[in-house]
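In this document, chain identifiers A, B and C correspond to the written order of the chains, with residue numbering beginning at 1 in each.
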């Protein structure tokens, strides 16, 4: 019969159409933005800089905790050259207390970035990772799409939320690396002078901690005083 | 902007003996209608222009105009390192980024002699065949859409493509621009969970191909519009450098997976479908059958994939400087033979980086296939060539 | 598949007067090529395509390469007239002196052809042709009459490198627009100052665009491609 093939085809589409009222598999549309598909763990959109919340009084102090040491390897390896880094003139201590440079300017132009993830692969300090946020529209075409380091800095907790397995592996690698450096830094005890060596290292750390603790309590006290006076007034 | 070489009343003189297309004599008073199809056109698969000279509905001359998507990828590659060109290869044939990556990685591995571990080869085959499947499904979908089916078969194909792209995203992080291959292996290893998800998707693919076949295979409109249209003879196809499903639709048994046996394709048992007449219908059927063969290869690869590393342990990410020399590496991409020709002068950047684009070279015979047909057939013939402008213009 | 030496011997036997050189490839790929003289190139190509044993009926890839002029400093021994004092008397004596001279290796443009055989399923056989220089003598014979797949690829090389293929049926620009001057893939191509219409914060590109707009651009023909 002429038209038999067409009718067979239409039977297929009818099956799918009627079936979409009954089975979820045939209704494949997701009503964005009311429904959103959660991104997969490995998904990557644009890079962000990881910072560790080191200061327990102000965990959002991203400047102190940023892992980036401005080695500029990501800037060199980036294919479209969308990363702009200025190295600082001074140094600040990093997670293990070593003095490192930091980036005084770290801009990523996300209108140029092609999400290739090469910056993440080459970073030796686990400082730059891929974010999954994609709702980044802005009304300013040039400045709004040039993210500076304040906008790029996100905490390690955030990293754990978006990429849990990867973040756990990174934390393991970093603590392994720090354990190795600690083993190297602490000198092997020499016979006869064993006790003084360890005694010297320990009190220093305690004194530092005491100084930090004092600073924290002082800050907290002054804040409490402020709010008290503010509430009083 | 008018092309200054356009001459509406005569066909340009071409030297003898070079396989020139047959001249068509226009009827009537010889006045020809000049139509520019594109670059803004829903059916030209991208920004592509064809200058047609029509006698009524019949095509008297067809001249393709390229360059609207030219992004000087080859020159950029001379200025950046070898690794940095890898994300740019994703954007060549943007429907099949995995196979582009693979061709480039293969060319560099030919240049340096690096070994690829077995698990990486299996992963390359799995991802490559998934890419081929979704490319052929989309290509058939686009062809049917150009025939007027308003996108329904295309959306069926895209439904399967979504599942495959979800697999890519779970593994590599991106749905399309995967940046997955590296020189000496693959970037990320596949977890057992991912392999199970892939097995589930592959198990559902034969039913999809059957559904697609029931939807389109015996459709009278499809057969009336595509049989006998856009015939490409085998000897012209070979002489014009045509490769891929277009060549096999004309009956030439040349599949680089069988001829070169690159990677580990020699281990898999698969057939190469060939067409009889070389028309649009044959190319459509060849692509349907190649989808089925891809499923066969996928099932074999997913069964046999061994454990092991996925990167050559001696491969360097930064500071990669191959020794001076040159190499040409090619693969059977879904569109045809995708080749990369690299010349290294010992530095970190390539001296010459050339992409052999299958889509551009398959378009050499577009005029030959379209002469004498109606304008509506031009759209179908062009759709059956299956081009992607990212590759044509680079 | 025959080795390069055997192919060379076969060509020289079949096409008398054909000048063929082997260019060896130092990389691991082992893909050595044959350099052809432009005069006999079409005859050699026809032989390669029609020979029943080689049957290289499939031209896969045509590439253009730019080899710019190279200036190297070298030390040369020259005979010079030198004034010297010999036994208290000033005389002009001929002596051999070492001098540093700049040697100019003239550059050229090259076209490389990768051939395969669909009938015999072997390959690749690689052919090369060089032009005389990069400025005036940039013509090579076109192999489009032998293999139709060279048609668009030779047009692209003409567009991007400037090699004029004689005998090509339709030699026009392929990727750039017809009024464009200059050949972009050459190593000494200088892009126009204002090619980025809306430059973002790319240091030197932004600087060049600003200078161009202020009219202080140094380069004379710094207009966008015209």
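As a convention for this text, a contact is a pair of C-beta atoms (placed from the backbone, for glycine too) under 8 Å apart; a residue touches a chain by one contact, two chains touch by 3 or more.
Remember, predicted model here, so these are calculated numbers, not experimental data.
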Most remote chain, CA-based centroid, reference being subunit C: A
Distance-to-centre winner among chains (Cα means, whole assembly as reference): B
Most contacted chain pair (by C-beta pair count): B-C
Intercentroid distance (Cα basis), subunit B paired with subunit A, Å: 38
CA centroid of subunit B to CA centroid of subunit C, Å: 29
CA centroid of subunit A to CA centroid of subunit C, Å: 48
Subunit B to subunit C touching residues, read off their complex: 1, 3-5, 12, 14-15, 17-20, 66-67, 70, 72, 74-75, 110-113, 236, 238-242, 252, 254, 259, 322-328, 330, 337, 339, 341, 343-344, 352, 354, 356, 360-361, 363-365, 393
Of all residues in subunit A, those that touch subunit B in their complex: 2-6, 8-9, 11-13, 16, 28, 40-44, 73, 77-79, 114-118, 121-122, 130
Residue ranges of subunit B in contact with subunit A within the complex: 80-81, 83-88, 90-91, 152, 156, 159, 162, 166, 169-174, 177, 179, 187-188, 211, 214-223, 317-318
Sites on subunit C touched by subunit B in the complex: 25-29, 31, 57-61, 63, 65, 112, 114, 118, 121, 124, 126, 144-153, 167, 169-170, 172-178, 184-185
